[in-house]
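Next come two complexes built around chain A: one with chain B, the other with chain C.
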Partner chain A sequence: MGADQVSELYPLRAANVAARVFDGEVIVMNPADSSLFNLNETGTAIWQAADGTTSLREIVEREICGVSEIDSDTALADAEEFARALAGHGILLLRTEPA
Partner chain B sequence: MIVTIGGLAVRIATDDPVFLGILRQQYAAFTGAETDGAPIVLEVELTPPLLQSPDEDLAVRFDGEAWEMRRGDFMARYDPKTRRGQVRQSANRHSIDSVIRIIHSLELARAGSGFLLHAASAVRNGKAFVFSGVSGAGKTTLSRLAPPDVCLLTDEVSYVRKGDGGPDCGRKSGYQAFGTPFAGELGKAGENIHAPLGALYFLEQASGNRIGQLGRAEALRMLLRNILFFAQDPKLVEQVFAIAEDFIETVPVCRLSFRPEALVWELIR
Partner chain C sequence: MSGLMGKLNQRAAERGIPLSVHIDLTWACNERCVHCYLDHDDHSELSLAELRDLLDQMAAAGVFFLTLSGGEIFLRRDLEQIVRHARLRGFDIKLKTNGMLAGAKEIAWIRELGVHQVQISIYSHRPEAHDAITKVRGSLHRSLRAIRLLRDNGVHVVIACVLMKSNATDFDGVQSLARELDAEFTIDPTITPHWNGDRSPLSLNISRDELSQVYSKESLVGDVAAFRALPGPVDDATLDGTPCSAGHTSCYISPHGNLYPCVQFPLPCGNVREQAFTRIWRDSEKLREVRAIRARDLPVCSGCGHVGSCSRCPGLAYMEGSMYGPSGADCEKAFVRTGLPTANMLRRSGLVQISL
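After this line comes the complex of A and B, so read on.
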């Protein structure tokens, strides 16, 4: 799973989940199974920027690389893994084209 | 027979004398007069035991008109508009107890007024205290250690909802805790009383007794993890989220680290 593939992903928050930002972290509940997720600072930044029109690469460059010293390839790979994990739980949609 | 918990009355319609006897024993302190005025009516059809596999998981779904509830030992349907439902189960207390809990959790979520919580609760000095945690956290242990001036509301499932503004509603938060017949390991129904909620504690067994504050995010996360909620419904999940958020903004939520000894109750006043 490389950075080229990551750059084509446009994450979008699932419409049917309930989420709140509390003290800088997002708490998400999926009504399908009442499962609960809490995202750390980086995850929260990705979640909040996941509007379906911004690519994951743009999100990573703006929200992660812009505020930390992590290299962009590593950050992108980590972000994709994170986004796919959320998508697997049905709380984030991953599109290959902008909405 | 009418069973009233948290101010919400449910009429359980059955003519079966054996089942009525089970209900009277189960809900003794929570039964009211047999009238037609109860807002929720459950018609119970008794069947032979084990309609389905006893291991079947609970499923609660809204079909556009009514809630369908299914588990290995019962099938039920409840229409929130007419406030009527039908239950198919054998003559046992566990199935009807589950149906009643589910209906209460749905009605509380629908009204956005409260929730059922995996928690023990008790009243002391006119204030209610709720003690939440997973199995083994110490809910029943703490209940067993309660001194004589403490009235136990439940050792397993607490009933929390906003007051109606009456004179005995929560003075500050507006939330109240109600007694429930839902018993855990203690095997004893709670007192049928209610009181303004003083605090919610998340239990943690430790080498000493201490109360520590929780951050808002942690409090919300722990509260949501312990709310009893069964429905796969985005609107109701949003309602549960909203009431949990309101709750942690208005009620003190702390961590109670405790040793299993009666002295811990010195902290609860």
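After this line comes the complex of A and C, so read on.
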């Protein structure tokens, strides 16, 4: 999927998962299957910004490109892969419209 | 413990983060279990407002794993509001209940709020044996009805079976029941003293032969030969180790706001009505003392061959007289498991002298 389509994704943290910032990184527990996740610094930034109203493109530009030298297309593609992986585990929702 | 859980616990211990907290919301109960260690009188429980404030403080302090227990938690009419607030604050939530008051409405919000796990005690598959322990006729039937409803709604259920003389041989039946209900099964062969110091509940403990039968069940202990193997040599890493998470990364809060290292460790460290949670966690002299104890500081246990593999509970040791001392119940377990007497047993028999 290309960057243009990624820009239309609005990630939202799933309502019923447990999450906590722990030592600078987010840990997430999915109660549905007891799977536990430890997000790295970049994943933590995306997770915390995933409010359902901010697009993934905005999140990447603000949280990743704004603090690193990675090019925006690569960062967006990586972020989409990450977001889809979390969505596959049921802990993040990916919407095509803002909430 | 999974690799990630182990790493979280280690990091939490290094950074002084209270990763897990167990709160008893009430000590009131609609059962009267023969082995219960609690006082069921009301000593002014934390209100909903106080609990919301406490949960806010705990979330800010980094607490992630939250256990809400009792007493019987469904006797609190505000339980749903408490759990809703805990969900808002991002906790991983586990409930302990007998389930007798949990109907369709309660189970609907348990599912809606993403409660991770509901633990229900089942003492026997035989109604007469279970109900004799809870002293409530029909209690097994009502608890099983709740488990079925929870499972029908996709909620993860743990069936906990505390073993005592009257149900010593029923664990197979309860385990089969757990399989049939698609619930997890856990067993606890230890009866603890009453919190008021009364040690008479210990007379309910199962015998060594009965405990040995439990330890011979692969379905309960895994590889029986490995589980029952003699302990390995004791090294410095073992002697520099800490006994368990109590007071290090976890603690217990009573319905009245008293904070202790663990529900089995009644060493009062402060009260959340009088001091902020973080202040007690960080500054309590008693918690600091608990955290400072290493295996090498234990006069009896540091010289015991079991020290590296023993499940020694510092809380039970405290209830026996000293948190630096041995826990007799765990000495029994180590002996029955391996056939090798503990240093404490040898000392008591007079065969070995240990300077205290």
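The working rule: the second predicted complex is superposed on the first by the 99 of 99 C-alpha atoms of A that agree within 3 Å, B and C clash if a C-alpha of one lies under 4 Å from a C-alpha of the other, contacts with A are read in each partner's own complex, and residues count from 1 in each chain.
The definition used in the following text is that contacts are C-beta pairs under 8 Å (C-beta built on N, C-alpha and C of every residue); 3 or more make two chains touch, one makes a residue touch a chain.
What you are looking at is a predicted structure, and each value in this text was computed from that prediction instead of being measured.
Peer 1: Which partner does A:27 reach: the first (chain B), the second (chain C), both, or neither?
Peer 2: The answer is both, since A:27 touches chain B and chain C.
Peer 1: Looking at A:49 after the superposition, I want to know if it touches chain B, chain C, both of them or none. Which is it: first, second, both, neither?
Peer 2: neither
Peer 1: Classify the contacts of A:77 with the two partner chains as first (chain B alone), second (chain C alone), both, or neither.
Peer 2: After superposition on chain A, A:77 lies in contact with neither partner.
Peer 1: In the superposed arrangement, which partner chain does A:93 touch: chain B (first), chain C (second), both, or neither?
Peer 2: The answer is neither, since A:93 touches no partner chain.
Peer 1: So in the superposed three-chain picture, is A:12 touching just chain B, just chain C, both, or none of them (first/second/both/neither)?
Peer 2: neither
Peer 1: Could you list which residues of chain A make contact with chain B in one structure and with chain C in the other?
Peer 2: 16-18, 20, 22-23, 27, 29, 31-32, 34, 36, 38
Peer 1: Which residues of chain A touch chain C in their complex?
Peer 2: 15-23, 27, 29, 31-32, 34, 36, 38
Peer 1: Enumerate the contact residues on chain B facing chain A in the complex.
Peer 2: Spelled out, the residues of chain B in touch with chain A are 215-217, 220-221, 224-225, 229-234, 236-238, 240-241, 245.
Peer 1: Applying the document's contact rule, which stretches of chain A touch chain B when the two form their complex?
Peer 2: 16-18, 20, 22-25, 27, 29-34, 36, 38
Peer 1: Residue numbers of chain C touching chain A in their complex, please.
Peer 2: Residues in contact with chain A: 2, 4-5, 7-8, 11-12, 15, 17, 19, 59, 62-64, 87, 90-93, 112-117, 154, 156.
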